[in-house]
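Think of it as A, B and C in the order they're written, each chain with its own count starting at 1.
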Amino acid sequence: MIQLINNLWFKRRDIISDGFDQSLDYISKIIPLKIHKIPTGTRCWTWIIPEKWSVKEAYIEDLHGQRVLDLKEHPLHVISYSLPIDKLVTKQELLKHVYTNPERPDSIPFEFKYYERDWGFCIQDNKLKDFTKDKYKVFIDSKFEKGDLKIGDYTIKGKTDETIVLVAHLCHPAQVNDDLAGVAVLVDIAKEISKRKNHYTYKFLLTPETIGSIAYLSQNESIIPQLKYGIFLEMLGNDNTFVLQRSRQGNTRLDRIARHLMKSQLNNFREGAFRKIVGNDEMVFNGPGVDIPMISISRFPYPEYHTSNDNLDIISEQRLKESKELILEILDIIDKDYIPQRQFKGPIFLSGYGLWVDWRKNKKLNESIEQIMLNLEGDKSVFDIAEELDMEFNDVFDYLNKFLEKGLIEKHYL
Amino acid sequence: MIQLINNLWFKRRDIISDGFDQSLDYISKIIPLKIHKIPTGTRCWTWIIPEKWSVKEAYIEDLHGQRVLDLKEHPLHVISYSLPIDKLVTKQELLKHVYTNPERPDSIPFEFKYYERDWGFCIQDNKLKDFTKDKYKVFIDSKFEKGDLKIGDYTIKGKTDETIVLVAHLCHPAQVNDDLAGVAVLVDIAKEISKRKNHYTYKFLLTPETIGSIAYLSQNESIIPQLKYGIFLEMLGNDNTFVLQRSRQGNTRLDRIARHLMKSQLNNFREGAFRKIVGNDEMVFNGPGVDIPMISISRFPYPEYHTSNDNLDIISEQRLKESKELILEILDIIDKDYIPQRQFKGPIFLSGYGLWVDWRKNKKLNESIEQIMLNLEGDKSVFDIAEELDMEFNDVFDYLNKFLEKGLIEKHYL
Amino acid sequence: MIQLINNLWFKRRDIISDGFDQSLDYISKIIPLKIHKIPTGTRCWTWIIPEKWSVKEAYIEDLHGQRVLDLKEHPLHVISYSLPIDKLVTKQELLKHVYTNPERPDSIPFEFKYYERDWGFCIQDNKLKDFTKDKYKVFIDSKFEKGDLKIGDYTIKGKTDETIVLVAHLCHPAQVNDDLAGVAVLVDIAKEISKRKNHYTYKFLLTPETIGSIAYLSQNESIIPQLKYGIFLEMLGNDNTFVLQRSRQGNTRLDRIARHLMKSQLNNFREGAFRKIVGNDEMVFNGPGVDIPMISISRFPYPEYHTSNDNLDIISEQRLKESKELILEILDIIDKDYIPQRQFKGPIFLSGYGLWVDWRKNKKLNESIEQIMLNLEGDKSVFDIAEELDMEFNDVFDYLNKFLEKGLIEKHYL
């Protein structure tokens, strides 16, 4: 996963840009992406697709030609979607267009003005003191032109068309954890899922943040009823503990599976309500008129967020791997889960059916046999039972497989 | 409001009486009352309308003609609906018919025996020591005759026949806060409401307590299905804090609006369950087989309750005005409230629609935009949203008006 | 009740046995039992009826013929359903088949192997030290043969076929509190109920534990829909406080009535969830595919449980009598309960109908009149009202009888 990040992180991956397109091409060589294109100017619900943006050169220099900032040094020095400019300005006017992060004075902040039409630079806060002159020349050679917003889509068909969608955003130039980390984890998960026989269909989407999801869904409304659950993958490489942001519905099976796994497998995790931890495309997928339950799994917050310090130093293959494994386990449970429907009456003659469990072999399962037997009325899934009895999903799943083999239950899909 | 009270308070406003009728006539000159008349003997559900009652003279004197009590001194000296009597009685027998309030020894209690057919006097407790003789002459020249129970009814038509009913009782001779205070506030509210364009129809009723409401509703059963909510106005002029007595349903929109306003506008208020604070005609309107949610707003308790000290000294125009304003605001919200129904998909492109709210101008609204946007699914009213987000109703109402103008929502009535 | 126990306790009442049959015959002389017979080998849902078992002689002796254990001394010395054996064994092998209770070293434990096909002895733990030899002769002259599992059934018809079922198990040789105590209480309750005019039908069942209930219900499936509630009577003669084990549903009317009575009549009682206090035939009656709400009332636990100390010394007629009375009161309430349906409108004119209650005569009822009047909408039973208002059932029942006489309510059955 680190390799993918290493190859893409320094690209100018603005929301509609050559850098974004090149990144999609790179990933297409790892997983077979279908690329959706939505042209500039397309009305997408209440939004309109913006223009493609690029920048060749940008700098600030004093009247002697001494440069105090140069885009060549770092892609973040110009705000994403800045207007072009070529002008002599007073220091006072300049400073209205210069963004810093006083809390991290050595780093360059990441700023964008997609819809506000303004020009601007970003710089380390402790370099402001170098602006000693009264006048400066500001120069940004940026270009707005018609283009295509692009979305990478890898769909793996399952037995049913009901679809689990996983989303990460590929935009944000020179940012690593936000969210190339999510992209890298998503790509690896997609590779794993493609090797399995799945009950659900899985859709993996790589988008520019917010506008990408709006563009995709508004142009493909007919797919919405098939989308059963979603997971947004975000900032998964840094050192913080995991945090589960619940879906808008708040307690769907997906929310509960994620929580159940985190509880049983992690020493520490955090949890919060929809939109109370981190804001991303769940506001589109789980938003008005769409409303697909979408949880978000991240390691937010981290101090380097939206600065030039969000680089390779703060992430690790180990953290990415943990993230991938956790999400794969969530998908494993949701895919295997079903409703066990009782086909017997009375308490089962356990020893006669070889269903007795020695408490010396599995104490928890031994103590739970009766409760499992009492919960096969068709209103609970295997996961529901595991959650209620505070057991591992697979312990209940494996035990009920024996019931299935002996015809004591039927399997109903959710 | 004080003027109305001043003119009516000392009248003998027994439940069916000339004093009650005169009071209704007086109020008819301020607001156009329709007078409902229900004759003595009419069966009203499980009740029967009692006779009209009057008293000309009443006294207690010793055998030397020395009067120890005389009705001329205070209307409360005879219990309301006392039988007539003219008899020599022992002191012992007399004292069985003399009512005092030992907790307020200087005041005359207010007592009534509408249905028990007995005679009786009320007196200051500290005057009992003057009853030093063995025998007394007791004389009450009261009369029972056929008459009409009367109800004053002012109905202001709105766009819909669904009706909010406000009730106060006009009976209780020589009592001010209980409930001429409620009557005065009700009359002023009626004047205000008559000037507005209203969604709901408003009905203002002035009745003799309990039997009046039973008489009105039992003789006008067809109106019951139109009555959506009710407010009983009671004891609103004294110095205590407000207390909200909930409807029998306990948590209707009206209960919640009253609570929300009291919470946000008053430093202090109290709240209690149906019939746990104060007992009035809500037991009829919100009672068996009728069941219109009726809250009661009062400033109960107060120490002068049901004594001769419940007079002009304990109330003020300021307290009446606060009461009127609070109840008008409740009516304002309930009248303006509606269901906003989303007509868009996805999160709204706020800046494109001029719906962005600067946090420097309204921090709470800025922070709530997303939650407002997520709550327009047709299952919540504007008030529901304001309550859920702990916001002022009008802030949400005004903001959603912009959505309405731009066609982003439709207005559905509740 | 002690007499019945005295006559039956020392019999070999193994689940299918001559002792069990003789016990049923004895009880048939007290209440008219119908005996259901289900032959060995009959498939009953997932179970199969086992063979009849008997044992003539059993002992352990050393090679000199010195007996260290003899069945003649106590029926518990051989495990119920032991295989026959006649063999010389090493001490090591012998001890694998000898059961003791180290926590009660002076008592012989009660053990059984109905379905495991093994041989075994039970002995006082402190006699193990007498096994000083290397080899022993073990001899058990037991017999397995075709027979009939038997269930005693006394059904008392009521106005409706809806049935309350009471169950106790008659098996467990030489055990008294578990559950001859329950049997004795059940028999006495049946005698009482047979004298009354009942709304419900009552069914009293005496069974061998678990397999008896499975046999009865599986062979009489058509009766299941008529069984409305059940009570398992268990271990009711010892000195511990009562414990209510809730039905699987957890809060049925029967659960609530039992709790309400225990709360108001006992200084002390305990309560627990289904299968969390004691395990008996409620797992069949209230189990998968049957699901008749069955509470269990017992005085479990007690230290002599499943040992030779569970004898006449630990029970008393007084405790049995308390148990009988408590259960009879539960049945009394459930039988009398009905839905009172309001036939009036508005608050009732209480004094006019003679329904006023003087607070000096019954303060709680006086304070509750209004709440009773407000709860006659047809969604609550008399018991529901009593429970909600924390009143004695009979106080509410008697007061509402007056409403019934005056036509103010109608009686609807539950």
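We take it that a residue touches a chain if its C-beta (ideal position, glycine included) is under 8 Å from a C-beta of that chain, and two chains touch if they have at least 3 such contacts.
Since the model is a prediction, treat every value here as computed from it, not as a measurement.
Enquirer: What is the size of the turn, to the nearest 5°, that moves the C-alpha atoms of subunit A onto the matching ones in subunit B?
Expert: 120
Enquirer: Do subunit A and subunit C face each other with the same patch, meaning over half of the contact numbers show up on both, or with different patches?
Expert: Because under half of the interface numbers appear in both copies, subunit C and subunit A meet with different residues.
Enquirer: Could you grab the centroid distance between subunit A and subunit C? Build each centroid from C-alpha atoms only and quote it in angstrom.
Expert: Here the centre of subunit C sits 58 Å away from the centre of subunit A.
Enquirer: Which residue numbers or ranges of subunit C touch two or more of the other chains?
Expert: none
Enquirer: Which of the residues in subunit A end up touching subunit C in this complex?
Expert: Residues 342, 344-349, 351-353, 370, 373-374, 376-377, 408 of subunit A touch subunit C in their complex.
Enquirer: Under the stated contact criterion, what part of subunit A meets subunit B in this complex?
Expert: 44-48, 115-116, 210, 214, 217-218, 248, 275, 283-284, 287-290
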